[in-house]
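Multiple structures follow.
In what comes next, subunit A is part of two complexes: it sits with subunit B in the first one and with subunit C in the second one.
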Partner chain A sequence: MTELAAECDVLVIGAGAAGLSAAYEAAADGNRVVVIDANARPGGQYHRRGVKDPPYFPAGTTDAQRWANIATYMGWQAYAADLDGDLVVVRLRGDERHRNDLHAVSTRVLVVATGAVDRQLAIPGWQRPGVMAGGGAQSLIKGSGVLPGRRTLVTGTGPFLLAVTAAIVQAGGEVAAVIEANQPRRLIRHAAQLMPTGLMKSGEALKFAAILARHRIPYLTGHRVTEIHGAEDDAAVASAVVHRVDEQWRPIEGSARTFEVDCVTLGFGFTAQLDLLMQLDCEAVQSADGGLAVCVDDNQMTSVPRVLAAGETTGVGGVDLAAVEGRIAGIQACHLLRTDGQRTQPDSKVMTGLYRRRGHLRRFAKALALSFPTPTAWVAEQTGDTMVCRCEEVSLTTVLEARDDLGATDARAIKLLTRAGMGWCQGRMCSYTVEGLCPGPTSVASQKAAANRPIGVPIPLGAVAKQGRA
Partner chain B sequence: MSDPLCTVVIDGRPVQVSPGMSVAAAMMSTGLRAWRTTRHGQAPRGLFCGIGACFDCLVMLNGEPNVRACLVTVEPGDAITTQGGATND
Partner chain C sequence: MPSGQNYDAIVIGAGVVGACCAHYLAEAGLCVGVVDRGSVAAGTTGAGEGNILVSDKEPGAELDLALLSQRLWTELIDVIGSACELEAKGGIAVGYDPSTFEHLQQFAAKQRDSGVIATEVTGGDLLALEPHLNPEVAGAIYYPQDMQTQPMLAAAHLIARGVRVGRITLHTNTDVVGIRQGDGGAVTGVETARETLWAPIVVNAAGTWGGQIAAMAGVEVPILPRRGFILVTEPLPTTVHRKVYSAQYVANVASDEASLQTAAVVEGTESGTILIGASRERVGFDRTRDWSIVSTLAAQALQLFPVLEKVALMRTYGGFRPYCPDHMPVIGPDARVPGLLHACGHEGAGVGLAAATGHVIAQSVMGQTTSIDLQPFAAERFGALHV
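Here is the complex of A and B:
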């Protein structure tokens, strides 16, 4: 692995649209910029393969000379961050082939652009082989050219279902149906907020509509997958049951239909990856989609000095918003690094344009989130052996007993009593389900506690021992 | 992917896969759907989140257990071993 810098001016975590845009702008003054990403290739989840040929440069960042000055280290996962005087120290672990390699980088400015993962909800059978996160299926296709199954049921909510469907059929796969739990006609209620971005996105919507029509894929709205079954002698997916649902996603009796499929994708929006920002104790809020988002000011600064955030970490909004936020964060990083005498205000015309574009895209994202909500009350009404926590194999019955018989009122108490959220994934897959099972509305404090993982990735004891000797 | 194929060994069987693929994708391209069993229920698991967050796709890679198959790109000669007796499709 390439020798990594121990210090830099701007450290960017995440080489997706937000991180790369931030790095590009941050390098403008000749700052030493380092970009870190856990994946093998830059581009993030959206541009899984776009970096090979031609290189993926986010919009407005085309100066190749400047790119040459940015050090990008792939295959390093940031697992902890803390403040050290005027510096921020970020701790990194090597990739899956180099898990014993630990490294620390001290930076004057940190930009966190760690993106998001598919948000999940526990459904009977969701632990079966052949069930995948929608984003996971898409990255399998885009990144490796492999289909998730022969015949797939695409389920969940939001326009992303259509992107997953398109990826599958364009790779030669079959989609049995798209199962959208909400009614997209709710978009009408938010028509004003959707503009002007909606107008630009309408082309994309038409493209998806054409794909559904050409491949004769049913698009069932107000329907939800309610059970996923295996074959008699095989746990892997063989069929899925779909029900018509009410506005709260409760199945309507008598509306069941079964699809013979070997793959089911699930996607209920996205959860921002906030580990580093929560470790640094940045302020956070609940965003329109019900998920946690870090608070940022007009220039993408968090509540912690010299720590900036961009992209999905500030509220899930997609690749275009991520790129704009990244550019603003990078420009602000430059501004922070200029000494007082040299400090000039960033080009106000450029900034006005970026702010306006960000405003439009944020409004659009909020309207989408409100049009495709993810209610959770129905989760508790499912069969008791539904697996809530995949890692520790904790059933719905066990969680409900902790709540109703043992008096657990929040996710932390449920975790301590049942081990839900205590396994390999540290609650990344089950926390939205567990929060939904807790009495009352989910508090920001509870969400912050769930997202605060002191160590973001397993560190082998051998590596810790090696560091101790060094 | 137009690159020439490379050979990896999955559970002792040589398999031709595209370089640049993830280990998880390489296994799925051979029809494998699951490659480890869980601690309590001995239930089969394979690829779920696909981007390194869920740890369901853990596999033995060149003798190292618990490697996230979705995050590693195959290298020629890799020995990939299913963990704890997995089920085949």
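Here is the complex of A and C:
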């Protein structure tokens, strides 16, 4: 493994569109910039590269000399971030094959661009082999060239379903149907906000429409997958039942239809990966999609000094917004590192352009989120043996008992009483479901508690113990 | 009659101590309101290991309370069933070298006189009890009376049972903002952010916030937070059979040091995870994590169980033990405020002492002679009369 720097000026966590844009801008003044990412190659979720693909560089980052000065370490997971005086210490673990490799980097400025993961909801049978997150399926295809199944049902909500569908058919897979739970008429309500940026993105939409037409893939709106079946209890997916649903996604009786498939993808939006930012106790808010997002000011600064955030961590908004936020964060990192005498305001023309573009993209993201909401009241009405937490095998009945009979009023209490969210994934899969099952609207405090993972990835005790002696 | 709900008694705090108080008061025939600012078991109860220990206590009033509690917990399992994961697993206090083992032996001899079962174990006998323990340790004391429970479930089920039989009403997410007092300062109820709840008896089982509740009634009860962290591993097949801790733990429990102290406490849980404690430090309500604590706890646990070296650490959690300057809880009626009783300040022994605390609180409310003399636990022992 490459020897990692122990200290740097700017540490960027995440080598996606946001992180790489930030790193490029941050290196402008000759700062020592280090980029860390858990994946094998830079690019992030959107620009994920297979082993044979050319490397990814964000648009406009053309100065090769500047890239040469940026140290990029792939295959490292950042699992903890703590303040240490004027520095931020970020702790890293090697990938699954190098779990004993621990390292700490002290940085003057931290940029967190850790992206988002698929938001999941518990559905009967979702624990079966062959069910996966839409983003997971996309990564499998883009990263390893492996198809998730022979015949796939793409389900959930939002335009991302179309991206997953495109990835599958372009890789030679078959998509039985796209099952969109929301109604397209919702788009009309937010048309004014969607229009300017939507026009820009209309090319992408047309491309998806062409793919659906060419492959004769049915696109069912106002439908939701309600059950996923297999030959026996733990058997792989053999079929999935889809119902027409009302606005709250409750199935309409008599509307069931069955699809014979060996793969089902689920995608109900995304959850920002905020582990490091929550460890640092950054302020957070609920964004338009109902998920938690870190608060940032105009220059991507969080409430904690010298900690910046860009991309999906500040609210899920897609790759173009991530790149703009990354650039602003990188420019701000430079600004923070200049000593008082050298401090000059960044080029106001450039900044105005970036702010304006970010504003457009954020409004578009918000309108999209409002057009494709993810209601959760229906989750509690499913069959009691529906698995809520797959790691700890906690059923819906157990969660509802904790809520209705044992006095649990929030997600943390449900976790303490049922173990939902205590397993291997640390609640990344089930927290949205559990929050949806809590009485009353989800509070930011409860979401922050659920997102607070003191250790981002499991680390061997022996390696932890040695770290203290270093 | 003024508006608001009427109870025979109100318990402030739905942690394990409050739950036990409510349970025994309800068993005595009273209608009890339980008020908590959060959910059930959301404070220190939800941040602990669920220890019911006699092994870490010196002879004296607290050990007597612990022995009573240990008996009562085994009875409570008949009331709430297996839901609370109560396990009479026993504890093992380990002396690494001959001199610490000797200290442990002397400590155990004193405990035996107070009714604690404590057996010296070494060599093959020790490894038979705990097969993966570091074979190089000098010796250990085995305490078969030590038990463990899942305290959140225990608290929730005790309250839920009272609710089911119509004796307990649970008010969660309800902040107490004041104590109502009538003639001569006697309590008449509690003021919550929403309404007034009336009762002639108020039990302060607010744990770390016990001092604030007492202050609302105009009296001082000096309770301070003592921070602790616990590490949790991935689930494993049973590797650690009992609660195993190093001799240093007993010294730390009784220590007055404000600075960080750590001593290995390692135990398995029913779900297969292994819990590793215990750190103690007085830093107020600061939740900031200090990474060196995590590494120190890991290193100390590996000293006891080298076999855990490759086992993954999954998460950590932390909380605040409510402690009094003399490390003794505050239990019983407050002579300064008629109708006010305290049941707080149990430090790290709240789960273990909860059953006996609830039991003697109920005895006291019902005007019976308490099973244990409450004088050593009186709130007035700290001197200051009124805030």
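Throughout what follows, the second predicted complex is superposed on the first by the 459 of 470 C-alpha atoms of A that agree within 3 Å, B and C clash if a C-alpha of one lies under 4 Å from a C-alpha of the other, contacts with A are read in each partner's own complex, and residues count from 1 in each chain.
The rule is short, and it goes like this: a residue touches a chain if its C-beta (ideal position, glycine included) is under 8 Å from a C-beta of that chain, and two chains touch if they have at least 3 such contacts.
These figures come from a predicted structure and were not determined experimentally.
When both complexes are superposed on subunit A, subunit B and subunit C fit side by side without a clash.
When the two structures are aligned on the shared chain, A:Trp424 is found in touch with subunit B and with subunit C. Look at A:Ala465: by the touch rule set out above, it reaches subunit C but stays clear of subunit B.
Contacts of A:Met132 after superposition on the shared chain: subunit B is touched, whereas subunit C is not.
Draw one line from the C-alpha centre of subunit A to that of subunit B and another to that of subunit C; the angle between them is 90°, to the nearest 10.
Touch criterion met: A:Gln279 reaches subunit C, while subunit B stays clear of it. When the two structures are aligned on the shared chain, A:Leu194 is found in touch with neither subunit B nor subunit C.
With both structures placed on the common chain, the touch criterion links A:Leu368 to neither subunit B nor subunit C. Nearest C-alpha atoms belonging to subunit B and subunit C sit 9 Å apart in the superposition, given in whole angstrom. With the contact threshold set out at the top, residues 99, 392, 423-424, 458 of subunit A are in contact with subunit B in one structure and with subunit C in the other. Within the complex formed with subunit A, the subunit C residues making contact are 14, 38-42, 46, 152-153, 156-157, 159-160, 170, 172-173, 231-235, 271, 273, 276, 288-289, 291-292, 294-296, 298-299, 301-302, 308-317.
Put simply, subunit A touches subunit C in their complex at residues 80, 82-83, 89, 91, 99, 279, 281, 392, 402, 405-410, 412-413, 416-417, 419, 422-424, 426, 453-455, 458-462, 464-469. Residue ranges on subunit B touching subunit A, taken from their complex, read 1, 18, 20-22, 24-26, 28-29, 33-34, 38-41, 43-56, 58, 61, 64, 66-68, 70-73, 87, 89. By the touch criterion given at the top, residues 38-40, 45, 77, 95-97, 99, 117-118, 127, 129-133, 135-140, 143-146, 148, 234-236, 273, 390-393, 423-425, 428-429, 458 of subunit A touch subunit B in their complex.
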